[in-house]
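Below, each structure is written out as structure tokens.
The following pair of complexes shares a single chain, chain A, combined with chain B in the former and chain C in the latter.
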Partner chain A sequence: MRPVVAALLRKDLRLELRTRESVPAMVLFSVSTFVVFRFALDRERLEGDLAAGVLWVTLLFAAVLGINRLFVAEREQGGFDGFLLAPVDRTAMFVAKALLLFGFLSAVELVAVSVYSVLLLGPSPFQAFPGLPLVLALANAGVAVVGTLVGALAVQTRARDLIVPLLALPLLLPIVIAGAEATAPLLAEGGAGALPGRWLAILGLYDVVFGLIAVAVFDFLLED
Partner chain B sequence: MEPAAIELDGVTRRYGERLALDGVSLRVPAGTTLAVLGSNGAGKTTLLRILATLLRPHDGSARVLGAELPAQGYRVRGRLGLLAHDPLLYSELSARENLRFHARLHAVAPARIEALLDEVGLAGRGDDPVRTLSRGLIQRVAICRAVLHEPELLLLDEPYANLDPAAVAAVAPLIGPASATTRVLISHDVDSGLAEADLVLGLRRGRVEVLAPPASADVSGLYG
Partner chain C sequence: MYGRGLKPLSIASVAALIGAFALVFFYAPLDADQGFIQKIFYLHVPLALVALGGFVTGGVYGIKHLRSGSREHDMKSYVAIHLSIILGVATLATGMIWAKASWGAWWVWDEPTLVAFLIVFLLYACYQPLRFAIEDPDRQMRYAAVFAVIGGAFVPLCFMSVRFAQAALVHPRVLDQTGGGMPGSMFFTFLVALAGMTLLFVTLWKFELSSKHARAQLAALRRRVASA
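== the complex of A and B ==
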């Protein structure tokens, strides 16, 4: 399966580099949202619970943009048919798309967290290291797994733009809650608190459970 | 009796309430060409997609290259080549990149790509993005994709569309009668369809109207 996953990933990265349809849109959305929050909250500095909440809500909606675009090339340019005609394990497409979305989210967060720390974040972002990257990675894995499943389902429908947020937002809510709870102590005023292991465990459990569900049902989403 | 490449018995397929195929039964011996004729909406493309394992029959049985569809579809994928209306190519990738991607899915050596591009006269344009190619050139790339893995069964939907006479001659060894494969050929050019066929299937509103060798096939009632 690895050569097929690699081929799919290489193809998707090449398409993204040429079209720049996903990552730049997700980054621009994140930055715009931070600006909106700055004016809507009428605050120049956020910390603790509020800082974590603003960060995770923004990242969640940016992720929805990426999920929306994840399978568009397959749908509009016959990629699904080309793939389905090949003698390969169909799970390879799930793995490749989930890895791609994970990569997109990580790239977006690299920029978005930097901008956030300049625009709104009160405490230094460096105090949140290495806890914050760990929380983001665990959350990204969950978003990637569920997002790939939702993206594959939604792209088969005419109302893709509507179906993705309707399905993804409730399914990803546990990630936002756990992510925000785990991040809040890291962004506390006056120095980062300890990383709450309970919320990290919930993120990890979410990743495992939804990962297994996704692998089990993904084949059926590709079937007629 | 020669072994059958395709055996259909009462194959039926619906789209909602509409019957796209209604009890289609036929037998195509290996190494022969079946020409599928009929007006728009007669069910030709639906038939092709069922044979390609991309659609499930709702009733009846379909056996392709010895495998019962859809249950044993995995045994057929990789042994058939589909040339459909949609070229199944990514428009932002070059012809060579598209073929490399499909070659990886089918575990085909890269040397085959260069040989095919050369054969269809595209070696010099192989690095151009597909979106910059004319429809005729895109059709040549799509033909290369369909035969890349040297399939035993070719499913061809208007394979000569957009091709000039020189291009038709260039692709003939790949998809024409000389390709020595079993072929299912959809054509709106009745004369050329009859000329290439060993057996003619005439569909009208999803039903078999004609199933006979070309010499005795009366197709005059198919286009009324």
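== the complex of A and C ==
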């Protein structure tokens, strides 16, 4: 399966490098959302709960943008047909897309968190290391798995752009709850608090449960 | 095919519900703090539990559909989820009435059970938009089944993560190990109400399945007449 995943991933990365469709849009969207929050909340600096909340809402909506685009090229350019004609395991498509989404999210977060700490974040972002990258990585894994499922479900429907956010927001809410609760003490004014372990456990559990379900059901979304 | 046993089932569910309400009003004691409004508990909690059970049942039939590809299992999954959404609306409405009466607000955010139920309800509210946005009938069944499986797993996960989010719990936890600290008469009434609601759900489920089945047969017969 590994060469298939690698081939699909190479294809998708090359596509992204040439078209620059997803990641720049997600980054731009995140930065605009920070600006919107600055005026909507009428606060120049954020810390603690509020800082964590704004960060997670922004990353969630940016992720929805990425999920929306994830399978569009496959459908419109006949990528699904080509893949289904090849004698390979169909789970490879899921693994490749989930890895791709994970990579996209990590790239977006690298830029978005830096911009966030310059524009809005009160406390220094360095106090949140290494907790914040760990929480983000666990959350990204969950978003990647669920996002790939939702993207594959929605891409064959008439109202793709509507279905993706409607399905993704409730499904990803546990990640936002756990992520925001885990990052709030890290972004507290006057030094980071301890990283709450139980939220990491919830994130890990979510990743494992949905990872297993996704591997079990993804094949049915490609069958034709 | 689904019509068999429908009559005794309907009679049993009507009898169970009448019995439950008789017990609620004439047998179960008045709650010491909340008084009469606490009686809504015998409606609200069975509604919620049956709705959640219906969502999970929909997921189980979703798995069965994915394994067999049969249309029947898809119909069973669809009707279970569709009925549970209706029960979910009723749960939210009765819950809000109870919250207003006993906590003084229509909605309370520090209640894990309320919030988790709302999230689950919002997710399942997308079931029908998703299902009917797919034209090809085979794909529609398959995708709806995938959704049902994902949702069925999401229900317990969501309740767990939201419950962790709040340390303090005000919402009564009915089904914990101790029976929620209820006196036996209240617990007995609750069990009868739960049984009545479950029977009602099964009756409605079978009714809708038989009506859908009859409609499909009628359409098939019409096509045969038209082509003959």
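Everything that follows uses one rule, which is that the second predicted complex is superposed on the first by the 224 of 224 C-alpha atoms of A that agree within 3 Å, B and C clash if a C-alpha of one lies under 4 Å from a C-alpha of the other, contacts with A are read in each partner's own complex, and residues count from 1 in each chain.
Note that a residue touches a chain if its C-beta (ideal position, glycine included) is under 8 Å from a C-beta of that chain, and two chains touch if they have at least 3 such contacts.
Since the structure is predicted, the reported quantities are computational estimates derived from the model, not experimental observations.
Q: Overlaying the two complexes on chain A, which is it for chain B and chain C: clash or fit?
A: fit
Q: Taking C-alpha centres, what angle do chain B and chain C open up at chain A, rounded to the nearest 10 degrees?
A: Seen from the centre of chain A, the opening angle is 90 degrees.
Q: Between chain B and chain C, whom does A:57 touch in the aligned arrangement: first, second, both, or neither?
A: neither
Q: Please indicate which partner A:210 is in contact with in the superposed arrangement: first for chain B, second for chain C, both, or neither.
A: Second partner only.
Q: In the overlaid three-chain picture, which partner chain does A:86 touch, first (chain B) or second (chain C), both, or neither?
A: A:86: touches chain B, not chain C.
Q: Just to be sure I read the superposition right, which of the two partners does A:25 touch: chain B = first, chain C = second, or both, or neither?
A: A:25 contacts neither chain B nor chain C.
Q: According to the contact criterion defined above, which of chain B and chain C contacts more residues of chain A?
A: The partner with more contacted residues on chain A is C.
Q: After lining up the shared chain so the two structures overlap, which partner does A:221 touch, if you call chain B first and chain C second: first, second, both or neither?
A: In the superposed model, A:221 contacts chain C only, not chain B.
Q: Answer with first, second, both or neither: which of chain B and chain C does A:137 touch in the superposed model?
A: neither
Q: Would you give the minimum C-alpha distance from chain B to chain C, in Å, for the three-chain superposition?
A: Minimum C-alpha separation, chain B to chain C: 6 Å.
Q: Under the contact rule defined above, give the chain A residues that sit at the interface with chain B and also at the interface with chain C.
A: 223-224
Q: Within the complex, which stretch of chain A touches chain B?
A: Interface residues on the chain A side: 3-4, 6-7, 10-11, 14-15, 18-19, 73, 77-79, 81-88, 223-224.
Q: Going by the contact rule at the top, pick out the chain A residues touching chain C in the complex.
A: By the definition above, chain A touches chain C via 149, 153-154, 156-159, 162-163, 166-167, 169-171, 173-174, 177-178, 181, 198-199, 202, 205-206, 209-210, 213, 216-217, 220-221, 223-224.
Q: Quick one: in the complex, what on chain B touches chain A?
A: 52-56, 70, 74, 77-80, 82, 84, 86-93, 97, 101-102, 104-107, 129, 145
Q: Using the touch definition from the top, list the residues of chain C that touch chain A in their complex.
A: Residues 66, 119-120, 122-123, 126, 129-130, 133-135, 139, 142-143, 145-147, 149-150, 153-154, 157-158, 160-162, 164-165.
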